[in-house]
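Shared between the two complexes below is subunit A, which pairs with subunit B and subunit C, respectively.
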Partner chain A sequence: MIEVDLAILGAGPAGLAAAGEAVAHGLRVAVVDDNPRAGGQYFRQPPAQFRRDGGSWFDKEATRVAELLRVLDHPSITYLPDTVVWDVPAPDTLAVAGGERSGRVRGRALLIAAGAHDRPVPFPGWTLPGVISAGGAQNLLKGNRIVPGRRIVVAGNGPLLFVVAASLVRAGAEVAAVVEAAPINRRLLHAWPSMLAAPKILRQALDYRLSLLRAGVPVRTGMTVVAARGADAVQDAAIAPIALDGSVDRAVSETIACDALVVGFGLTPSVELLRLIGCELGYNRGRGGWLAVRSDRMETSVANVFAAGDGAAIGGVEIALLEGRLVGLEVAARLGRAGNAEQRRAALRDQLDRTDKFRRAIEAIFAGPSHYLGLLTADTVVCRCEEVTHGELQARQAEALDSMIQLKSTTRAGMGRCQGRNCMATLASIVSEASGTPIAGLNYPRTRPPVRPIAIGDLLHEPIPPPDLPADPHLPRRQNAS
Partner chain B sequence: MSSLPTDTDVLVIGAGIAGLCTALYLARAGRTVAVIDRGEPWGDASGANAGTLSVQIKRPEVLNITRRAVELWQGFKAEFGIDVGFGRPGGLRVATNEREIDMLRRSQVEQRELGLDTEWLDGNRLRDLAPWLGPTVTAATLCDWDAYSSPLQAGHAIIQGARHAGVAILGAAAATAIAEVSPGYRVTTGAGTITARVLVIAAGAWSGEAARMLGIDLPVSADVNMLSVTEPTAPLLDRVVTHIGGILSLKQYPNGTCLIGGGWQGRGGLSTGVKEIGYENLLHNLRVAANVVPALARLRLVRSWAGFEGVVPDALPLFGPLPGRAGVYVNACARGGYSQGPALGHLMAELITSGRTSLPMERFAPKRFAA
Partner chain C sequence: MSDKREQRVDDGLDRGRAFQFSVDGETVTAYPGESIAAAMLAAGRAAARRTAKRREPRGYHCGMGVCWDCVMVVDGVTDTRTCRTEAKPGMRVETQHGVGQRT
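Entry: the complex of A and B
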């Protein structure tokens, strides 16, 4: 058992910033991350063996990254890379496993900074080779310097589309079109003033937009991909208008030839650990869906369990860094190590408020359709792991087996390797539309450990005391509980 | 979902395997039947258990019930037109040390006297038959009755089968009060009020709560059993595996996933409704499984969960009239009730319609706990 003051899940911007702040105040900190290298998604680093020539646009954040990563060398830090947090057996304990090591990390406070994943939106052909998620495309670019195709369509909803499209252009790909579901053009004017609140991020955003303009990339707004087609891999994408109520007009669809289709309908916080701990969650579509309910100190509804960054609510890298620092400061203050925390807290809060103003403007511009169920046909696969189609779900609904739990248990949707990450949101949307119950009011299947699939053998390295075996296995066993 | 009828011949409390099978056979015998559940139909133990239909791990008292149930299970797919995921590959009940071998021998002799023949396996014969067993397993008995079904598929099939037979099934309809009327009972539920001539309490772990509404105490407690499932993999083991110590159940389903159980206890209890994984007990469970079948160690665990299992102090079924309340029956807490469920439902329908059962069931009457 590793015992520290602050145990952090996630070595991304929020986790690293929290660790930096905490060690600066003399706390002992553990940082657990399942990646081989720290940085999270935004600061994703290529493998150490890669030779880099420097000076490319990839390295524009090099200084910030170096500064952020330096904390991992601090003597008060226990850094566990390549390590999965698979369970939270108590609200102060992370169960960890990686390689030849498994066991528990206990903290006087926990920070869950688990990051986000792409919100999955199924449509005909989304399982074809060559169709990849926006987050996946960014990972390939940042982590492996790989461009996923020669002629690429980037489609979906949200600012990440433009970031990915610009990165692809800069990396040398032809972006055939950016297809954005929200009618962003007519909202831009209205949102300008608030965006001036964060001039640095605004400049970056303009920079992305400029790259696309220079490359002559057409940006189609109020449109969505409705199908990916191809024999063994994607050969073209069909796009059609989509209204904010989710209705799709397939009659006026058009086709764009491509050899890769990058799809991103926004990010959704990875709240599985928070669910497992029992933290209260709220539903806010604009910030990614289910998110952590937090105090202004970033504390969840469970005492001394904090959540920060995109894993708590989608806000982007700058907000993640500020929230992380606030958590580090707060935990230090609670342990009586922060001295006068008030001034620093006020400064961080002030920056956070200004950045949040920018974020809200972006959120308003990109507010998308209420659902994408109009993209589903009867044979569209909704659950990829168990290959459950929309038609099968409709058949169960017709049999009055129509709750999320009944749909899951009668079709196996959500029971495969991805543990529902790729289909639960769609299932919720389907049930919500059919029943009229808002998503926030739906009864979700419970989240269970392991939070990530993990080899059984990897869990068995921790020495634990021998069990009490039942004398008569038939008799009630509850007394043997631990 | 349908709404609650106002009147019925029989009202069953609990839409798990015991309640739905009772309702199914009563409806087929011509009764009007409604089934209510506090949560989702099939939402608790019936949907959360290991799906093991093993005869040789059962207590001697229920061997015949379980065998009859396996026969019924075997016919369900044809009966309902929906697959219940049934397979009958036979089962190995393993022993890993001298003490366990001794226990296994005694159990085999006892079962033989009751008409259940199992085959003793050790040495090369055991290795030939089950090369996937680990070196710690030194003996096993093979029982060709041992089977499995898929609790999820079975839920779908049995709910639809009961509905087709005319049973009204309603979830989110917890019984909150029961009043005696003439003739019968009026039950207040979360979804309305219903009058019934006959009541069947088939609420598993919650059966004590239901009986208490009638002023009767039943000593029902709840185990919090844990289960784990792996990712799908190529064929790895071709038998239902159980352990003489009662600490492992294991099978591989046709979809390639391996289901690991064994009655290891999680955290929580009925009073709080909490049923969570117990960290150390889960590791014990996985370690036992990986000792018995070492290839499991390289498989990825996808999900572990816990479910309540209602049990009474002698761990035998609660089956029969509720003492002191005419027209109220109990069919619950059978210990491994999922495997026995179809037979217990059939027997309960016999009891209600004819006053007799085709297997001797008197010893399971709830009156044994009447103080």
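Entry: the complex of A and C
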């Protein structure tokens, strides 16, 4: 058992920033991260074996990364890389699995900074090899400095599309088209003034846009990918207009040849652990879907359980860093270690408010169709793991099995190894559209440990429970007899 | 199979010495530190496995260890996520058909 003041899940921007702030105030911190290398998705680094001269466009964040990662060498930090949190047996305890590192981490406060993953949007052919999520394309570029194909279509919705497309162009790939579902061009004019609130991010956004312009990449707006086709890998993508109500006009579709199709319909916070802990969740489409309900101190509805960064609500790297620092500061203040916390907190909040103004402008520009169910055909696989098609789900709906829980338990959708990350959002849209209940009001299937697949061998490190535990109804009778 | 160097970004980067491993008996080139999936994509190979029910090809998709679509048989070990596994000289990588042997 590792015991610390602050136990952090996630060594991405939010987790590292919180750790940095906390150790600066003398706290003992543990950082548990699923990845072998720290940095999260945004600050993902190439392997140590790659020798870089630092001058590359791809190394533009190198100094900031190095600074952020330095905290992991601090003597007050216990850093557990390549380690999965598979359960939260109590709101102050993480059950971790990772070979020798398996066991328990207990903190006087907990920070869940789990990051985000791509919002899944199924369409015919989305399971074909060569159809890669925006996050996957970024990781390939950042982690391996490799582009996924030689002629690439980038399609979906949201600012990340433009980041990915520009990065691919910078990497020397041919980007055949960027296909953006929202009618962003008509909205840009209104959004300008509030974007000036964060000049640094604005400059970055312009840099991305200029890269695409210079490379002559066509940007198609108000359109979506409707199918990917190919035998053993993607060979072309069909695109068609989509309206904000989600209706798709396949009659005017066109085909673009490509050997990779990068799809990104925005990110969604990885809230599984928050759900498991019992933290209250809200639903906000613009911030990624289900998200953590938090106080202005980033505390969830469960006392001393904090959530920050994209794993709490999608806001991007700058917001994640600021939220992380706020959590580190808050925990230090509660333990009486922060000195003049008030002043520092006000400064961080002020920066956060300005960055959030920019975020809101971006959110307004990229507000996309209400759903993408128009892309589904009966044969479209919705649950990638268990290979459940839209037709099978519809058949169950016809039998009035129409709640998320019923669809899951009768079709196995959501029961595979990705643990619903690639299908539950679609199931929610299907049930919501059919029943007229807003997604926020749907009953979400319960989350149970292990929340990530783990090797059975890792459980050998589990502590043996003492015999005087309170009676557990799931255990054999012997335990219940007094 | 030719080393499609152009999918590797060279901008200010020294990857060190190339080495070989095999995928379904064919030679694929990699550089130290690259993941199996990355080296395969750079060699123009997107497919990693075939699914159990529909026998569909799948490959690298999420790139972050979440989707399990990149799993292959690596040196005899089924269900190995190639997006998270480093390529090593002489490694034997094979397409995984259906679900892996759970041990």
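In the analysis below, the second predicted complex is superposed on the first by the 463 of 482 C-alpha atoms of A that agree within 3 Å, B and C clash if a C-alpha of one lies under 4 Å from a C-alpha of the other, contacts with A are read in each partner's own complex, and residues count from 1 in each chain.
Note that in this section a residue touches a chain if its C-beta (ideal position, glycine included) is under 8 Å from a C-beta of that chain, and two chains touch if they have at least 3 such contacts.
All values reported here derive from a predicted model rather than from experimental measurement.
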| item | value |
| --- | --- |
| Touching partner for A:450 - first (subunit B), second (subunit C), both, neither | first |
| First (subunit B), second (subunit C), both or neither touched by A:141 | second |
| Touching partner for A:417 - first (subunit B), second (subunit C), both, neither | both |
| First, second, both or neither for A:193, with subunit B first and subunit C second | neither |
| Winner by number of subunit A residues touched, once subunit B and subunit C are compared | C |
| Partner chain(s) touched by A:89 [first = subunit B, second = subunit C, both, neither] | first |
| Which superposed partner A:441 touches (first subunit B, second subunit C, both, neither) | neither |
| Which of subunit B and subunit C A:459 touches, first, second, both or neither | first |
| First (subunit B), second (subunit C), both or neither touched by A:405 | first |
| Shared contact residues on subunit A - subunit B and subunit C | 416-417 |
| Partner subunit B, residues of subunit A touching it in the complex | 87, 89, 95, 104, 396, 399-403, 405-406, 409-410, 412, 415-417, 419, 446, 448-450, 453-457, 459-460, 462, 464-465, 467, 469-470, 473-478, 480-482 |
| Partner subunit A, residues of subunit C touching it in the complex | 4, 6-9, 11-16, 31-35, 38-39, 41-42, 44, 46-48, 51-54, 56-69, 83-84, 86 |
| Interfacial residue positions of subunit B with respect to subunit A in the complex | 1-2, 40, 42-43, 47, 59, 152-153, 155-156, 159-160, 221-224, 230-231, 245-247, 263, 265-267, 269, 277-284, 286-287, 289-290, 296-305, 311-313, 315, 335 |
| Subunit A residues within the subunit C interface of the complex | 34-36, 41, 46-59, 117-118, 127-133, 135-141, 143-150, 170-173, 232-234, 259-260, 381, 384-385, 387, 416-418, 421-422 |
